[in-house]
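The structures come next, written out as structure tokens.
In what follows, chain A forms one complex with chain B and a second complex with chain C.
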Partner chain A sequence: MRIGSGSGKKLTLTIEKRLESPGALRFVIPSVSLLAALATGAVFLFLMGVSPFEAYSAMFRAAFGDGYGISETIVKSIPISMAAVAVMLTFTMLIYNIGAEGQIFMGAIASAAVVRYCFVDSAPAMLLMMIAAAGTAGGLWAALAGYLKARWNVNEIISTLMLNYVAIHLMDYFVYGPWRDPASLGFPMTAPFPGVARLPLLFGTRIHMGLFVAVFLALLFFVLIRHTRWGYEIRVIGENPRAAGFAGMNYVRNVILVMFISGAIAGIAGMCEVSGLQGRLQHGFSAGYGYTAIIVAWLSQLHPIAILFVSFLIGALLVGGETLQIVMRLPLSSTLILQGLILFFVLGGEIFKTYRIRFQREDA
Partner chain B sequence: MRKRAVFLALAAVLVVCGAGFAFDAIPADKIKPGFVYIGPVGDGGWTFMHDKGRVEMEKAFPGVASSFVESVPEGPDSLRVMETFIRNGSKVIFATSFGYMDFVQEAAKKHPDVIFLHCSGYKQAANVGTYFGRMYQARYLSGLVAGRMTKKNVIGYVAAHPIPEVIRMINAFTLGVKKVNPKAEVRVVWLFSWFDPGKEKEATKALIDSGADLIAMHADTGAAPQAAEESGVYVIGYNNDMSKFAPTKHLTAPVWDWGMFYKHYIDQITKGTWKTGDIWWGLKEGVVGLAPYGKDVPEDVKKLIETEKTKIISGSWDVFAGPVKDQKGVVKIPQGKTATDAEMLSMNWFVEGVKGDIPK
Partner chain C sequence: MTDTETPLISMKGITKRFTGVVANQDVDFDVRRGEVHALLGENGAGKSTLMNILYGLYRPDSGAITVGGVGRTFASPRDAIAAGIGMVHQHFMLIQSQKVWENMILGLESLPEILPRRDIIRRIADLSAQYGLEVDPMANVWQLSVGEQQRVAILQMLYRKANVLILDEPTAVLTPQEAERLFETIRQMTSEGHGVVFISHKLDEVMRITNRVTILRRGRVAGSVDTAATSKEQLAEMMMGEKIPFSVSKPPMRPGERILEAEGITVLGDRGFPSLSDVTLEVRANEILGVAGVAGNGQQELCEALAGLRKLESGRILLSGTNISGMSSRTFIDLGIRYIPADRKGTGLVPNMNVEENSILKKYWSRPVARGMMIDWKRVFEFARSLVSRYSVSTPSLATPVRNLSGGNLQKLMLGRELSDSPQVVIAMHPTWGLDVSATRFVREQLLEERKNGAAVLLVSEDLDELQALSDRLAVLCKGELMGIIDNPADVSRESVGLMMAGTPLESVALCTGGA
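This part shows the complex of A and B:
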């Protein structure tokens, strides 16, 4: 693109592809994008009649200001980071699992089924059984779409998305129907889980053991994807399925396997959420974590360790947003606009990683 | 009947635990009431009316500065919202949806010096009071209009959750319908949600397609009246006067005046006379009532409503006075008896004339 200006000497602005992407850009670009988003948001807050500085500091204090804020931010980030690792894995091989939300629900349903039908009075046995059931349920749910993709090339974006609604309705069936707590007087939720089916809490906060699971999974998949033969295979399949085929890599098997593992991770995220935080299965229990995870995975550039940090930041946005309503008396929509601005700028900033703008002076 | 026994035992325990002493007076500027809302304040219904009540209260008590958080799901997030209010200085929390109940209890245990007021719940504590209105009385009156105005004798009812609150309202409405039109039936469709304008609209259209020529609704927004207006079908709103959503087809609506509660509580709290308990006000106190009638509502129904209203307000008769039969024709409330508050609060059966199931 060329934009001309003036006469005589012409100043042109060129957008051209970078030949190489300096490592420092990985940090500079998102930081500058974030600042640009906050500056735009400041104008908006100013127009709303509040002091941008006060608003931002209130948000910051709520999310990071003390132990409570940090703990709640972490609580929010646990399911998001696990689901993000789940979708990251499929995105790495250019398979688009949009169904983490449904897989989270399947994991939660399976955990509740274990509590209801296979109760044993031992926390380790109970929790391991719940994790195994949740992983299997989420995994099979995703593998179904994976099989359709690998076998008949059914578009996995559509099939995983559709399966989300099926899973959500399936859960509604159980919580409104056979599993409903008789003491709830008809409100759609199961009875509270017994203590042995609850993940232990840490430091007297609502942070639960799911935190360790989330960190462990991020590290595990960092190693698996970057430092193993299998990881190499799925990266090659992602970049060039034909070449991968010529090299003897099994496309069908890997698609189904990766989808299964991805769904299993999301299922375990669902288990951690019901067992660690909610303590029962309830209508509408996931606040769209499976969808937030997709954004997080891209913001992290499919890097498992980056996912942990980005999830933490997204959690902070969610937690800090409420304070904006309480302290600054702003409506919910203004916090949504701020969150939207940040995502827009940070994702939009990505373009500067592969392209650069140059100003040139040319003689007419 | 086991459920009822459980409920009564529960109620007894609550009374014992709840018989606390009055809280010390809190100065107006220290109260900073925090309102937890299930939907956006612009939902045009439930949350809109609570917020109207909040603003009225602020006007009546100029020193009180309140704030709210919108669209808080009935899950663990609600606990964090209450906690955040308290960390920002709130001494009183109004939690305005049923599903916040257990989270209110949890927060109340942690903060014995904060007063929690939970709308439509049944669990109290020394620092947790509950409030709701006898909306079933206004529902009954609106049923009289519906029964008179239906031509095909099929009335559609868009209903949120199959919980006693909603079931009680459907029953009261149907008793009103039957009083003036024994041939009419009330068809129920469940939304399984308080706030879902898309679903509310769809359910309304489905009921109209199945033959209903009048719609009543129990959901948080004006989507059902809108859909009814589009289809040219009469509608009875809920929460507030919903005639702006259905300018030509709106007949009336059972409406809330939450400001009465909020003014009452803040008054007591500033005077130091508040103690825990349950408030269940009705037509008599004016917390519930009917919205202005649409132009098509005939005079004879208006007169009948006045008579019935007077009976209810005087206390000589109430909506659930026997004999009342269930869907199978079994007498649930015998002649000469009236349902007690406990029975109404745990109601999980439909009266004769309702077509629909309560998910078991």
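This part shows the complex of A and C:
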């Protein structure tokens, strides 16, 4: 269809498929997307009546300005990176575990249960039992959705999402009900964990041993996915399930297994959070880490090592976001808006991996 | 006013580049009233690009299209349709869940709010009668055979008053008899002044049905000739740019013992209906058993059942006399049964993974590629390198995602992967489909090589010439039932095979020998 009339040159914009995507795009596209998101966020901040420049620099100073800021950023990034490794694993197989949040809660509940009912006065035994219980609880929680998916093709996005609410309310039941600390003045929380049930802290900050767990898990899954038969299987299943069946790979078993492992990692993240940081189970202890992890996994292009770095950046965003609230008097949800913008732009930017825009002049 | 000298459409100096790759370079192409103009070329020669430009899907970087002598630019297929150009794709653009008459008006503009159903149906009936395109306007499209669906697709274009019809490999899905009917329709259309663009790989058909042939090679016109003044060999040569012997030689060979046997197997298709009923056949060592049939008559299900990928409802599969039915597909692979599926990118390969990763799809769990839990990528690299050189796969590197390889190279890679460790059984479905002449020859030679090495080869193809040239025996399937197995396929007429493909059992077919 020709629009308008007359002759002369006109500028047209065409979107065409790239025949190959240069490797550098893997890095350039997410970075540009991130900048675009921050630029759009600046518009939002401006409309909220604050100077975007001031807001961003206050966030930056809060997150990186001093040792305390950096340590807080690391503290935030620990559960995020673990949960991101968890969801990355399922995304690699094209299974969408949106339920890391619920699995974190189940892990936390299980570790609190161990403290309450199976107490032994030995830190190593206690912590190992807590990790095992948390991993099992989170794993089974996710495997439930995995089983429904594999057996009856129940959409795992919906089932994992719904299970989140169940887990969150289940924990509320315990902290408002039977497990509430009588000495908490009515606050919904359990009694503080005894010292042997606490992950040791590092460098005199709030950073806890969970940091090592997070780094270990990222490295472990890097090796598992890139260098083992099992990792090869999940990548093939994720890229082309028909080819996977053709090569005799067991889809049903792998879906359940991957969901279990994913949930177990998220569960352990929950354990680290309550044992390392909070020292007790309390209402709303996870600030949506399981959801943030989804953003992190995509920003990292599902690369386990990249997850460590991206988690650190997002941790900084969260720490900086608290500053927005305190210094700029913006609601905490402003940070969520920034997060949402980042995910939006990063996912939208994916299209430029396979397509390019070309401007050309032509005769009208 | 269009006088007879002005072509219906004319494309001049068409150039189209994709990110530095030239798909079409300075191509001239025209279609005159009342002619069938063949467009020939290997895969990637630029046929699809050129036709997509004519159909308004792409815009050329330079060059001009004139319709009836008037310059036009097409921004979308809608413009092309309005200019009287219709395209029947290989995969018909029909709405399966709707009725034939509803499909006719798909995408038409300026329809009244209340559809004049009776008028539409009457016009379909008129067009059907005029062009010999019998079809029931009230039928649901999904209930129609592929041949009937093609008629609907052609009717759809005629309904829109298309002057020029582009037919993209129209005979690939037809029985010889159906192809004959299609040719009748084409003749009827041209006698009424329509122009037809006929895209095909089958040189026999091009020689029979077309008036002119334009050959594309690497995006440029390699030649444009009158069909009457050329030969198959000359056309093949222009496509290839070099002379290549056209047939492969099949040395006589005595079939060995029974390797793979199917005993009365019945399997369900994807929709849950029986797609293969009570089929019994055997494949011997040093033998190629061809399987003929119109697409979708149980070939896919047969291959998948024999490869252990589809559950048997009844019957047994034996390998060298041992019952292996019900074993896992992994066991089938470990026992040396290899399957080359028709759907290369969809089933046989993982497009986003690279050559190395794809090369181990059937062996990543066993030594030496696997060491315990781990995959030894060094050995994978060496294996992939040897595969690529032995099967002459042309790829920029082993780290190239296979989605970037051409059809011929994809097939060579897959073939190499399946054949590299001397399998007992090779099941190949449409192994030469869509390949250019040299890749086709390579694939056929490899299958004959496996036959020589003692493998039992089952070859499913839609190309009767190929089946007759390669098979030692030829099984014919129709609606999931075995119509019979012909012992000397090279001596049997195409018509006899066609009758069996259409549902006549072998016993009832007078096997006239000779004719082709």
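By definition in this document, the second predicted complex is superposed on the first by the 310 of 364 C-alpha atoms of A that agree within 3 Å, B and C clash if a C-alpha of one lies under 4 Å from a C-alpha of the other, contacts with A are read in each partner's own complex, and residues count from 1 in each chain.
In this section, contacts are C-beta pairs under 8 Å (C-beta built on N, C-alpha and C of every residue); 3 or more make two chains touch, one makes a residue touch a chain.
All values derive from a computational prediction rather than experimental measurement.
**Q** Counting only touches as set out at the top, which of chain B and chain C does A:D172 meet: first, second, both, neither?
**A** The answer is first: A:D172 touches chain B but not chain C.
**Q** What's your read, chain B or chain C touching more residues of chain A?
**A** Here the partner covering more residues of chain A is B.
**Q** If we overlay the two complexes on their shared chain A, which of chain B and chain C does A:Q282 touch? Say first, second, both or neither.
**A** After superposing on A, A:Q282 lies in contact with chain B but is clear of chain C.
**Q** Just to be sure I read the superposition right, which of the two partners does A:E239 touch: chain B = first, chain C = second, or both, or neither?
**A** The answer is second: A:E239 touches chain C but not chain B.
**Q** Just which bits of chain A does chain B share with chain C as contact spots?
**A** On chain A, no residue contacts both chain B in one structure and chain C in the other.
**Q** Would you mind writing out the residues of chain C in touch with chain A in their complex?
**A** Interface residues on chain C, with respect to chain A: 18-21, 59, 73, 75-76, 78-79, 308-309, 328-333, 339, 341, 343, 346-353, 357, 360-362, 364-365, 370, 373-375, 377, 404.
**Q** Show me the residue ranges of chain A that touch chain B in the complex, using the header's touch definition.
**A** Residues of chain A touching chain B: 62, 68, 72, 75, 172, 176-177, 180, 182-183, 185-188, 206, 277-278, 282-285, 287, 319, 322-323, 325-327, 329, 331-333.
**Q** List the residues on chain A that touch chain C in their complex, please.
**A** 1-2, 14, 16-20, 227-230, 232-233, 235-236, 239-240, 242-243, 245-248, 356
**Q** Report the residues of chain B in contact with chain A in the complex, numbered from low to high.
**A** Those residues of chain B that touch chain A are 3, 6, 34, 40-41, 67-71, 73-77, 79-81, 83-85, 87-88, 98-99, 122, 161-164, 167, 192-193, 346, 348, 358-360.
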